[in-house]
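Letters A, B, C and D mark the chains as written, and numbering starts fresh at 1 in each.
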Amino acid sequence: MSTDTSHISSVRTLVAVFLALMVFTALTTAVAYVDLGAGSTAIALAIAFTKASLVVWFFMNVRFNTKLIPVVILGGLFFLLVLFVETFADYGSRGWFGNGR
Amino acid sequence: MNDSKSATTDPPGYAPVNYLNETWGLKSWLLTLDHKRIGILYLISVSFYFALGGLMAALIRIELATPQGDLVSPDWYNRLFTMHGVMMIFFFLIPAVPGVLGNFLLPLMIGAKDVAFPKVNLASWYLYNIGALFSLWALLHGGVDTGWTFYTPLSTSYSTTHVIAVGLGIFINGFSSILAGVNFMVTIHRMRAPGQGWFRLPLFVWGIYATSLIQVLGTPVLAITILLLAAERLFHIGVFDPRYGGDPVLFQHFFWFYSHPAVYIMILPAMGVISEIVAACARKRIFGYKFVAFASVAIATLGFLVWAHHMFVSGMSVYAGAVFSILTMFVAVPSAVKVFNWTATLYKGSVVWETPMLYALGFIGVFVIGGLTGTMLATMGLDAHIHDTYFLVAHFHYVMVGSAVMGFLGGIHFWWPKITGRLYPRFASKFAAIVVFVGFNVTFFPQFILGYLGMPRRYHTYPPEFQTLNVMSSAGATILGVGYLIPMLYLLWSLKFGPKASANPWGAVGLEWETTSPPPVANFAKSPVVTTEAYDYAARAAREVPVGG
Amino acid sequence: MAADPHGASPGLAHHFDSYEQQKESATLGMWLFIVQEILFFGGLFFAYALFRWKYPVAFNHGSLHLDVTLGTFNTVVLIASSLTVAMAVRSAQLARPKRLVGFLLGTAVLGSIFLGVKAYEYHHKWVEHLVPGPGFAFEGPGAENARIFFSLYFAMTGLHALHMVVGIAILLFLLKPAWQGRYTPESHNLVEGFGLYWHFVDIIWIFLFPLLYLAGRHHIL
Amino acid sequence: MTPNAPLFPTSASELARSVDTLFFFALAFSLFFAVLIAVLIALLGSKYRRRHPDEVGVAIDDHAPSSKRLELAWTSIPFGLLLILFGWGTWVFFLQMRPPDDAVEYWVTGKQWMWKMQHPDGTREINELHVPLGQAVKLKMISEDVIHDFFVPAFRVHVDVLPSRYTTYWFKADKTGTFHLFCGQYCGVEHAYMVGRIVVMDPKEYEQWLAGVRPGRGPLRTGEELFIANACNTCHRPDSSARAPILNGIFGKSVKMIDGASVVADDGYIRDSILNPQARIVAGYQPIMPTFKGVISEEELLQLVEYVKKLPPPAAGAEGAR
């Protein structure tokens, strides 16, 4: 694989990704000053996830790795999601029972 | 070996020069990168912490022989059970099977020369010991009295003991656990011998893989929880402190997110050991190999979804409780599947009741009781009563001591000839296995009854009507203690005086039995290639002459 | 495939059969390590989500005490350092040791700028009595629970900064062998591993920045 | 309660016996499988003993239909039984957690290491609670320090007692006598001494007992006295210069917050608003209320919350709760 350069990112790709990240940074900062109610957080998170995906896919070269790596990443995120969903299931439903508290 | 009376002739496959004696000196051990030697280092460490935790258990049982708190003062009793829990869980059970047997066997079983990252492997052992030393330091300076669960706000605002030192010890040990998990997972993914697909792996490897998964995914949450706990104690950051709007129940969620899967870290590799022993001692492929393999992964995965069944009466929402309760019922199923498959493996087998098999069958019996009482605790209506009573204490000792420790001892007895190249006395070892089984049940079965009667855990004094059962339990603990001492004696004896072992004393199938006893530094004279399924006894019948036949 | 373990294959450890096996092991190992990092920070992110949901006023007003200009500046600096690391890995893949050292040094400089700005911000918070502890004092709406916001701010950015310090230490450790040309296209796993780690630290900041600095900007309370 | 050695606990409520029935079901289920496995191991292990040293077992084909049926059976049968256990257990648990409407409210404050009890008429006890037979009793519980747990084995229920949050325990005793009360959550040095007694008395005897101990509300001030002493009335009454939400009739209503969210004004909300008024501001008001954290004790808070809950709804025309 030493002579095979197809698994090496070109400078153009890397710089383009960097510029995209800059644009998204500007966007998330600008949009934060607009009152969109609960949508503000959703948009901020959506932009952050997009930026993170760009870094993972291009800078971290996951596009050149075996399929196992995306599985590992998504698996890790799944268990983080479990922590969020199940714990919020507790906090979100605490007042429902109405046993006088 | 049967045809010759000459004591100077070594049995076939015994290697006079091997990984144990190719190099000499303390440095060759402390700086070793050989997974087999690191396994032995773990064996020495975990034995020490097991003895220490056992000593504290003995003091606890002596104290509880009478209803009055007359042996130690309440605060010392609290430190005893806390340090017993910390030592046994974090510094014995979690590293025991993966650290000792996993390290020694994993590369051998997959035909590799070593684990993927040998330096990281050695670092894991050092981190583990550094972590343990922090806890040991705390122990010598008065210990900690919060219970191994460190519930807030007791641990953050009220306890005056060494919470942070012990927390730091567990934090550092967590690094060891994570690195070991990463190492084993990569090893299993990338280092298997040619021809060894996933479904040709021994079930012990599946068990270690599932364990590693939990170590990698769960331990970091405990790590951040301990950091937040320490910060709360030092700076009052308010996250767990109700005075600032924090929530102590959040700590319980975080803590159990790791600590519930952690019980599977302790039991899954032991289950792997049982699969190996049952297959070898019945000379038969494990019935439903794929079910048993997937059950390990299912337990590891589902095990992450059920943590708050420790919290049904904690003030958590009852609806969330119901979700956790039903998910817990799901995780009980793969455990049951394993038990049924092990039992079915005996059918039409060629069963010997050798020492490892006694431990394995004892494991199955005890694990069934531990598992079924676990489903009782997962039943919310019952948990409301038996929560945090001796019923719970009995349940987790059935799983953690009865099952995990028996699995560990069974594994040690099974692979001892491979690890040391020596055989241990047959009668003494069978006798000890029976003593352990009897002592264990006499110790912990009465605790189920005590728990349903309502005796709370962590009480150093109790109403007099509970005394009879407590005395029984303490008497059983004495038997159990003897049961643990006997193997320690004869195993040490065998190192010098035991007969030399052949390469495959059990006539078992598996790559680890194809190399010499003990193995050479490079594990195999020639890198193995796998051409058969796991446990393929039919294809290789009568290739080896079993010892002691 | 089988490489000679006795020196004919520089940089190939004895227990691996090939460079490819060695590289894939290192990549997988590093990613598994990053996954555990995700769950490590995940606990903090969960605490943040929970308390922001419980105490929106405290979080919005706490967030207004952070300096958006410095936060944005640091975001740009850190993303730029990710670019230099990506270029460094590229240089190693193409066997250009001098450019590798150059990009690594550039990363170290950018990382240090980030940490310097962070230190300035911390100092500012200290002066304003916004560091949780005995001297903590917060006036205004949400005062009762603002402590939790600032605790999480310091915990999250502090651990992030600690990761950067560790990253820079590893980077410095790589410089000498990089200069000596020890990282070949076949064997430069340490550079790659460091790169993955650094990018991961960057990603954490990509989430921290909007959650901490921008949370309450649109609220006029 | 005699110092012999019982093997099964006494039960003192109907619900306790429901728990026992559930337990016997689970026990039967467990015994069946435990015995089944033990017998199978003994039988198979001895029937298929190794006859000669070179013997190997006969491999069973995992893919044979009989094998698959077996796997299916021992996956689905335990699963079905476990689902029954879950359903039944959850039903019992909901009964354990939801007090009936006619329950009389008592108050319990836990602290290291004692239980402070209060009767509806204000009578106070330490580590002992006298209750009348046949009356549903609801305990509103809170802790002053760490997490405790109210556990009466004869009623078969544990409930944690938390700092800063009310939890509820209820029972309807149907047997007179004295029963153990334990702290069921490890709470520090003298955890094992945080024990007490529940004395279930005939209702008539209970009345006599109440009359016999110091009558009335004891040294504790009533909710109304506290409401005035802490100057709540200067802002929160319909007749005050309404700078703050009117509390009359607010209990159980939905309150709109400044951030648009709605909160039901339950006990916990009222308590939090006294201790932590800035956390959630009611829409239309300024965050001007001082905190009463450290000013009033948990026991006084119980009184004050009770008083606020019972404030009569405002007359027509007056500005009501939002």
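For this structure, a couple of remarks:
One rule holds for everything that comes next: a contact is a pair of C-beta atoms (placed from the backbone, for glycine too) under 8 Å apart; a residue touches a chain by one contact, two chains touch by 3 or more.
What you are looking at is a predicted structure, and each value in this text was computed from that prediction instead of being measured.
The chains that touch both subunit B and subunit D are A, C.
By number of C-beta pairs in contact, chains B-D lead all other pairings. Distance from each chain's C-alpha mean to the overall C-alpha mean is smallest for B. Distance between chain centres (mean CA atoms), subunit A to subunit D: 40 Å. Mean C-alpha positions place subunit B and subunit C at a centre distance of 35 Å. Mean C-alpha positions place subunit A and subunit C at a centre distance of 15 Å. As a whole-number value, the distance joining the C-alpha centres of subunit C and subunit D reads 45 Å.
With touch defined as above, residues shared between interfaces to two or more other chains in subunit C number as follows: 24, 28, 32, 35-36, 38-39, 42-43, 50, 54-55, 58, 144-145. In subunit A, the residues touching two or more other chains are 68, 75-76, 79, 83, 87, 91, 97. Contacts with at least two other chains are made by residues 189, 217, 221, 245, 249-250, 318 of subunit B.
Taken chain by chain, the contacts link every pair, so each chain touches all the others.
Taken in their complex, subunit C has these residues touching subunit D: 54-58, 141-145, 221.
Within the complex formed with subunit D, the residues of subunit B that make contact are 69, 74-75, 77-78, 145-147, 149, 151, 153-154, 157-159, 242-243, 245, 248-249, 282-285, 287-291, 312-315, 318, 321-322, 325-326, 329-330, 332-333, 336-337, 339-341, 343-344, 346-353, 361, 364-365, 368-369, 372-373, 375-376, 378-385, 387-389, 449, 452-454, 456-469, 507, 536-538, 541-542, 545-546, 549. The touching residues of subunit B, when paired with subunit A in their complex, are 189, 217, 221, 249-250, 253, 257, 304-305, 307-308, 316-320, 323-324. In the complex of the two chains, the subunit C residues touching subunit B come out as 13-15, 21, 24-25, 28-29, 32-33, 35-44, 47, 50-51, 54-55, 58, 132-133, 144-145, 147-148, 151-152, 154-155, 159. For subunit C in complex with subunit A, the residues that touch the partner chain are 19-20, 24, 27-28, 31-32, 34-36, 38-39, 42-43, 45-46, 49-50, 53-54, 68, 72, 75-76, 79-80, 82-83, 85-87, 89-90, 93-94, 184-186, 195-196, 199-200, 202-203, 206-207, 209-211, 214-215, 217-220.
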